[in-house]
Amino acid sequence: MPRIDNLTSLFMKFPGIGTRQSKRFVYFLLAQNPHFVEQLAYEISILQKSITRCGECFRFYTNNGKLSENNVCDICVNDTDNTTILVVEKDTDFESVKRSGNYTGKYFILGGTIPVLTPDPTTKIRINELIARIKKGAPEGLQEIILALSSNPESDFTREYIIKTITPTTKELGIIITSLGRGLSTGTELEYSDRDTIHHALKNRR
Amino acid sequence: MPRIDNLTSLFMKFPGIGTRQSKRFVYFLLAQNPHFVEQLAYEISILQKSITRCGECFRFYTNNGKLSENNVCDICVNDTDNTTILVVEKDTDFESVKRSGNYTGKYFILGGTIPVLTPDPTTKIRINELIARIKKGAPEGLQEIILALSSNPESDFTREYIIKTITPTTKELGIIITSLGRGLSTGTELEYSDRDTIHHALKNRR
Amino acid sequence: MPRIDNLTSLFMKFPGIGTRQSKRFVYFLLAQNPHFVEQLAYEISILQKSITRCGECFRFYTNNGKLSENNVCDICVNDTDNTTILVVEKDTDFESVKRSGNYTGKYFILGGTIPVLTPDPTTKIRINELIARIKKGAPEGLQEIILALSSNPESDFTREYIIKTITPTTKELGIIITSLGRGLSTGTELEYSDRDTIHHALKNRR
Amino acid sequence: MPRIDNLTSLFMKFPGIGTRQSKRFVYFLLAQNPHFVEQLAYEISILQKSITRCGECFRFYTNNGKLSENNVCDICVNDTDNTTILVVEKDTDFESVKRSGNYTGKYFILGGTIPVLTPDPTTKIRINELIARIKKGAPEGLQEIILALSSNPESDFTREYIIKTITPTTKELGIIITSLGRGLSTGTELEYSDRDTIHHALKNRR
């Protein structure tokens, strides 16, 4: 049935959704009350209009209709703590750190990671934007760049690339680069930990 | 962010979707090109308007704007094979049988199964509608009701209930009731088969 | 530690057991009371001595020390039902059928299946032994060979090969060949069934 | 078949092994060459005789027939680094740390963890033996107890209990207590990290 097939094929584009589940989504919607379906269609239709990407940290934020001067988010506008910029891969990482409530400084969204052997890494992450952000931050009191990337080969490779690329700038501006501490994360079994994790866990013992 | 939270909570109502994945859906949509998002919103908004539930077999079908006389689907309207009605639990079961291309008769969607110990089963499945459908079918040449339910305790219980409930009607009208054959289904390992499956597989050997 | 490593490497040969679990087995045994460990070592040491492969159906059976005349198992010796031979891939399949309590005839263990594209299939299963068994069975009242193989590509291919290979013999002896019935096995969801299963389930409906 | 059933029921006592797999183990052994089976039975039978639990760190070690004076393992006998004792839950944790090659001091195996709400924790872990070990270690240069427990509620509870219980002794002897560093372990996705892990990862950044 055309209508059902159209919507099914659209849902199949969603991350992690296959034929079976997208079809289930469609029949689920068919069985819902019209109000729910209208609301869903409405929220989807206005999503991109009401959410903007911040011109400074590149995270998505609600613009409440009006755009702040030169389109900057509430966190970047706020002037309380300019000493650190925490660099994450994507918006959901930003949300995790924000939720943890342990950090009061600025953020920067890379927009991805660099697969090993990528010919032109600059196209994969916002490296030039990051350098520009650092230069802009220096006179405002920026002292430290915190690389808050995940811990896996691709993220590690990306971190190395960033450090290599921004060091000339940070050196010149007297800004230090740090990375998240390594060790046992919640739920880790010592028995199954790799030498690297054990090495860091021993070094960071307290 | 209100907009993102609203949409996240709507996606969380989808079958099998938790907080994490609905949030991923939202960020996925934020990153898509506006055309895709508009198309999705559009297809969702018109879904229920363009799909109707057939008044005779109760499956969803495309009405192409205009409703057929007393809202009956193409299969029910078609007059070639009125000898059998294949009774399934839900629309996706109907689709599997349809796709298999082995069946040319009529269908009937129960709309669910009956959990064991349900006080009033008639509210769980379209049992009265089924009886009405059988009475309507008799003069048109209906000879057999095929109960095509899944093979698990709840479906088995539902089948027993249907047989018990429709038998007076079918007996009187000289209509027989059959159930799908049991045996090894594709992918079944004999080693892990229960006594029941082996019993049927031996009985149905050919 | 040599001893621990030796035993670990032996357990790693067990089906489906990796380094981690075999190591866990060893530490598990270290922590058991000596009696349990002795008993385990004893049962393992006498296993092959007390279990023989039947010379007629090729299943493993307990010889209770003494071997029955020309090494035949209790089922093959027993003379009540010689009309059918049920052919299975392996001993655990035999056990499933036996446990199901639906079958009173004879058995035959193929000893495996034939991977598609095997140059010399006769080395993979006891096909010659099966033909010999059929010839021996004929004068004793054998009327039917039941191919009780699993339902997957390799088993299907094996079944085709067996039918092709034994047909000349069975034709000549007036013995029929049957296969287990196909259809919904316990636990099968109609929604996820392939066309083949639905096809058989419809054909075998009753 | 008694023999097969006996061995099956013994394998079923193995950690993580159910009926089906233990039966597969038995048929696997039936099919192996006798030499392999004898070797397995032999290694199992001598395991406990050739492995002893060290009287000082309580780990299992090979005694090579003769027991070292008052039954102490090679690591505990060795006199190079007496400054630290690394306390782990079980032997496999010891092996992980040993393998990582980052630690040269002494070890102590607790022999388990303490389920929350245990009436008498002293029966669950070697807490008294640990205190005795600390007192013995002090004159030999012991300066630090490293609690190398896993990171989960039960292990955390156990660590708290140990700290509370040994502190009087360590205080008096001027020995410090440390725990493994927390942070991102290899393979951790920032997005899925809990507030606690992010909190430590930020604090331990370098």
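Think of it as A, B, C and D in the order they're written, each chain with its own count starting at 1.
We adopt the following convention: contacts are C-beta pairs under 8 Å (C-beta built on N, C-alpha and C of every residue); 3 or more make two chains touch, one makes a residue touch a chain.
Here the structure is a predicted model, which is why all the values come from computation and not from measurement.
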**Q.** Chain whose Cα centroid lies at the greatest distance from that of chain A
**A.** C
(Q) Between 0 and 180 degrees and rounded to the nearest 5, what angle rotates chain A's CA atoms onto those of chain B? (A) 180
Q: Indicate whether more than half of the residue numbers at the chain C-chain D interface occur in both copies; give same if so and different if not.
A: same
Q) CA centre of chain C versus CA centre of chain D: separation in Å? A) 42
Q: Measure off the straight-line distance from the CA centroid of chain A to the CA centroid of chain C, and report it in whole Å.
A: 55
Q: Any chance you could list the residues of chain A touching two or more other chains?
A: 90, 92, 95, 192
Q. In the complex formed with chain B, which residues of chain C make contact?
A. 88-90, 92-93, 95-97, 99-103, 146, 148-152, 178-206
Q.
Which stretch or stretches of chain D touch chain C in the complex?
A. 1-4, 6-7, 10, 13-16, 21, 23-30, 34, 36-48, 50-51, 60-62, 90-92, 95
